[in-house]
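So, here's a batch of structures to check.
Note that chain A is present in both complexes that follow, paired respectively with chain B and with chain C.
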Partner chain A sequence: MQSTIKNLKKRFDISEVKEQRKNLTFISTEEDQVVPLLMHLRDQEGFSHFVLLTAVDWIEEGVFQLTYILNHPEKKTDLGIRAYIGREDATMESAHHLWEQVATYQRELKEMFGIDFPGSPRVDEEFFLEGWDDIPPMRREFDSKQYSEDTYFPRPGSKSHDPREYMKQKLYRDDYEEEK
Partner chain B sequence: MTMKKRSNNTSNYTSRQGSFNGDDQDRQKARGQGAHPNSNQAHNPDQASDPEPHSDEHHAPDHTEDKYPKTNQDGKPEIDLSSGKYTKVWQGPNHPGVTGNMSLELTLCGDEIVDAKTHVGYLHRGFEKLFERRLYMQVMPTCLRMCVPESDTNEYVFSEAVEELTGIEAPEKARWLRMLVLEMSRLQMLLRVVPGQGGAFGLGIGVQWGMYVRELILDLFEELTGGRIYHMYMLPGGVRGDLPEGFRERTLEAMEEVYRFARRIDDVMFNNSVFKKRAVGTGYIDPSWVDRFGIVGPNARAAGYKRDVRKDHPYLFYDQLEWEVPVLEESDIYTRARIRWMDMQVTADLIRQILDKIPEKGSFKAPTPNALNWRIPKGETYIKAEASRGEYGYYVVSDGSPYPRRITLRGPSYTHAIALLERMLIRSNIADTGALMVSLQTCPPEIER
Partner chain C sequence: MSKLKDILSPFTAWNNLARDPVTIKDPINDRPGAPRYRGFHQNDLEKCIGCGACESICETGAIRMVPVDGEETKEGDSGLRPEVDYGRCCFCALCVDICSTGSLTLSNEYIWVDEDPEAFTFVPGVDKKSWDDNEEGWKRPEPDYELNIKERVTMPELSAEERENSFVEIVKGYSREQAIAEADRCIDCGLCQATCPAHMDIPDYIRAVREENLEEGFRIMYKTNPLPEVCGRICTHKCEDVCAMGHRGDPIAIRWLKRYIADSVGEEYYQEALKQENPQDKDKKVAIVGAGPTGLSAAYYLALMGYSIKIFEAQPRAGGMMRYGIPEYRLPYEALDADIDYILSLGVDIQYNTRVGKDVTLEQLHEEYDSVLVGTGLHAGRSTRIPGTDHKHVYQAVELLREFSKGNEIPVSDKIVVIGGGNVAMDITRTLARLQRQKYGKVQITTTSLETEDIMPADQEEIDEAREEKVNLQPGWGPQKIEIENDRIKGLHVQRCLSVFDENGRFNPKFDESQTDFFEGDMAVEAIGQGMDISYISKPMREELDFTERGRLRVNDYFQSKQEWLFMGGDIIQGPDVIHGIANGHKAARGIDKYLRGELRYEE
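Presenting the complex of A and B:
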């Protein structure tokens, strides 16, 4: 993997290289270099298997982290590529032309995080959510508890507990008594 | 003349697949190979170049040119339902021929599918959102529901991810016990799926036999973990308990039943002429599609790719067991069922080996911090394992707080049931749809986390 990273550094802006374990390394790159980097990895370095694409919402820093994971079937190693994009009007270049299943991941990210991938097939079609009229639900500011309280009426007789307090009382009673 | 017409039709069809912007020649080539040489499916224009001397003489006049819908500039099919040529049929979400709650929007011309779309969202439970409000230990009972029929893989990959991020190592005995449970889980799944392929073609008897043998495995699960479907046996740090007395012997007895079942299903299903007639040559996956669509597990192994996470990225103690990954090449429904049948026996072998090697003594749980105040160091990882359907992994990101920042699942069905299935359904017969889905072993719960 060291030689691959060395090759990549010659051609792309690679930073934050972290070898998580022997067969998994994470690297970061610039937003506009992701698709050329993916293409290079697929065509030149042999990372032919696309594992996943997902987003992580770092709301405090105002960015989304996009993580692409690729696998090298011969070298038996995984490579995670991270890129950060702004949360406002989040848009990313589409990689649907590289692997067929990427369009599905992008469609999900559009719906769940509000990240647009212009040109990606069916990216604006509803995927999981039908008739959704709120903000994209996987954004950190979307409060699922508030949403359910506003949307559904309370059922008489049902109780809800604060999970932390409830577990303290039920599972760690001695600690709880001491704290009291 | 006929050949020319067919050739035109191919180009229409190719341009309709506008979603893939790769090399056109490559696409044509791949699609040309997309029909199995033994395929009995009609209307394959890619066979137009086949210089069979009698092909023009005895075949009915070719109407394929205007059969497939034209495409617009965006590459989307222009289907005029009022023309009377096409019928729109929704298969699912509740349908005996559909695996789990997902729906297929099929556009038919006669009984042949000309366009297909997968619709999901019928059992989306928002697990990945819920995890944002759960302590790591509270994630456990929820995450294993990400894949209903094979929950243990979830337990394993999540526990392993937490252990890797915190630097905790599960004791040796716990790791052997985890392997045992993972293999038992694979076995009970295969006992459903292998005969289920016959069931999809109307051969019900194998399904009933399989269910009986599966119940034996579920009994063992109940004895070991207390649960039949959801076990919550593995948890960060190790497993919840040791083997009960006499468990080894009872498991070995059950394995004998599995071998017996494998022999019977071979006779009844794999040597059944009706099953063979339906399954051989149907639902061919071109080997060049494996990387292009991210195909994994038995679906890739039936196309000649030797891919198995247990061999490629050995985890637990899989490198200490003696076994071979089954690989075949015909890549049709029959071959995929055959690969799973072989997997089933390999799994039974592995269980016997594991039972021999589990240490008698030793701890099965490493000490872990108080679950309420367990802060996982900042970091991220991707842990994968081989489920019965292929590579199954969790990407876990921790921000250093007691709550996970992000946990997401990579399940094989995400691509098998959407990108791949949508492509494979085109030009197949509607009667084969259910069998095609079973052969891909699609599992909607892992798509809709």
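Presenting the complex of A and C:
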């Protein structure tokens, strides 16, 4: 893997090389170099199998982290390629022309994070969240609890109790009443 | 050749006929989830303490804490249990990962059909389910994965070498960073509050530390406790015993956080932070006997209500046991004085060197004042009454501690035996050890108790620190006789103590006479407990009071005695410790207020 990375460094901006375990290494690159790098890895380095594409929302830093994982069938090793893109109007170059199934992952990211991949087939169609009417739910500003409260009304008669208040009422109520 | 291979190769698949199938034999009924599958909830009701961490972390509001039959609300357990609404649950398992006791898990069962939609809201462990005993499913992967911080921030302390020669305070106190880090561990469940005798708003002042709003934290503490510098150092911290974090790690250092707030505010800013005064708008007068925790606490709350108060104190300074019992290395006088000075600054009058029953009678106080509160504490040392205890070099721990606190010299021989296993025994042992080191350059002190170490009443840290200071601790021995030769003490004979309490929990020690030992010493100190001295209550008055079957004074919930003008609290009623005294004083203050407004009767 070290020689592969050495090769890559000659052609691309590669940083944050981390060997997670023997058969899995992560590298980072710039947003605009991702697709050329994927193509190079597929055609020149033997990483012919696309495993997955996923995202992490680093809301504090204002970026999404994209991770593409490729597999080298002969060497039986995985390589993760990371890149950061801005959260505002998040858009990424599509890689569906390299592997057909990438389109499905990109469609999922559009729905879950709101990351657009212009030109990717069916990218705007609903994927998993049929009838979704809120912001993409994997964005960290999505308030899952509020959504749940608003959407799935509580079962009738069910009421929560704050342990602290409840113990006050049960164990030392007189004191409590007086404080009021 | 290659053609033949093409023809034969499909038949290689026949090899598989001999292999075990990887498919499930009965896919309709038998479809187990993976061993770590996140299926339906399980809850071990015995372990669950109803802290509500699962509800707080739930991302979908699927968990509600509800009372259930058979789970009692008691100290350390709210009696509530989580109810899960599967219309909302997303099976993320954060509730399992945050669970403070580890009671909540997910089974690997994931198939459940029911026509009744209400069935999908249930209380795991209470509403019996087929998966309750499933071993497999999502458990917190230990020890690598932890959302809670299990270890408390270490308190910086003087090392044994630095402290064993002096009375400088041992515990140094948290820095800002340390306090915030420790406060951050709190999950804000509030189980501590019910256990604290004063019911301090603990989660609120811990939050104040976290948010660096220390003046607010200070005000929160004074709502229920006007002695935070004291309690921040020597409180028996029963709150920490029930802390939810204590089930799988260290309890939150509640006491040290309290101290951090009080130390940070600084005595000169108390008035600025609290903005309080005695409105002096009531024409009623209250006398308080004893300036210990009970008296001071009551004085503070009564002063804020506008009463004029006068405390009568037998000693030359205020504080009671806090000053005359607890050594300086645990509670420095400056810290104690900071709390006391503030209370006295609210216009509380105090008359020192005045012993009620001798210099002034209770009857006189009754005549001059509208109400009287006595909080005289336990100052009379008890004796083992074993042969030899009448020797002049057998002393009472409380008396030595009191004299030493007054600045008087106390007897220190080069070999000492102390009898007792409580905190007073540790206090006198460690005080004498320091004096021995100063006088003789070495420590030769043996401290022996009936109790074995696991049941010794002293705080564990006291025991550990005593040992670090090179005290010879000998738990589990019953004192038999003090050996005296030519009018000089030679030492203490002991025999092995097998048990201290009988099956009814009564004090009834059993000994093994065949196992004996002898501890050398030329002076002995008894520290086996203190009794009350209520000789100031005259005989006719005593006949007008209620006593319990075991001879203790009986008071109502407001610490009012049968003589309705007379209130009693602190160690003579409950405890013994500082925080009970403070709580009693607070409650008695409210009782006195009610009584003086004509709203409180004793009622048997």
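The definition used in the following text is that the second predicted complex is superposed on the first by the 156 of 180 C-alpha atoms of A that agree within 3 Å, B and C clash if a C-alpha of one lies under 4 Å from a C-alpha of the other, contacts with A are read in each partner's own complex, and residues count from 1 in each chain.
Rule of thumb we're sticking to: a contact is a pair of C-beta atoms (placed from the backbone, for glycine too) under 8 Å apart; a residue touches a chain by one contact, two chains touch by 3 or more.
This structure is a prediction, so every number in the text was calculated from the model and none was measured.
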Message: Let me test your reading of the model: by the given contact rule, A:159 touches which partner, first (chain B), second (chain C), both or neither?
response: second
Message: Quick check for you: in the superposed arrangement, does A:41 touch first (chain B), second (chain C), both or neither?
response: neither
- prompt: Now for A:149: first (chain B), second (chain C), both, or neither, which partner does it touch?
  reply: second
- prompt: If you stack the two complexes on chain A, which partner ends up touching A:172: first (chain B), second (chain C), both, or neither?
  reply: both
Field: First, second, both or neither for A:24, with chain B first and chain C second
entry: first
- line: Winner on chain A touched-residue count between chain B and chain C: chain B
- line: Intersected contact list for chain A, partners chain B and chain C 144-145, 163-164, 167-168, 171-172, 175
Residue ranges of chain A touching chain C (in the complex, touch as defined): 144-145, 147-149, 152, 154-155, 158-168, 170-172, 174-175, 178
Field: chain B-facing residues of chain A, complex
entry: 20-21, 23-24, 26, 48-52, 54, 56-57, 65, 67, 69, 73, 76, 78, 80, 96-97, 99-101, 103-105, 121-122, 126-130, 137-138, 140, 142, 144-145, 163-164, 167-168, 171-172, 175
Message: Show me the residue ranges of chain B that touch chain A in the complex, using the header's touch definition.
response: 18-22, 120-121, 124, 126, 128-130, 132-135, 138, 164, 291-294, 296, 305, 307, 312-313, 370-372, 379-382, 384, 391, 393, 395, 397, 405-406, 408, 410, 414-415, 418-420, 423, 448
- prompt: For chain C, which residues count as touching chain A in their complex?
  reply: 50-52, 55, 58-62, 64-67, 73-75, 78-80, 83, 85, 87-88, 90, 118, 121, 189-191, 193-194, 199, 203, 557, 587, 590
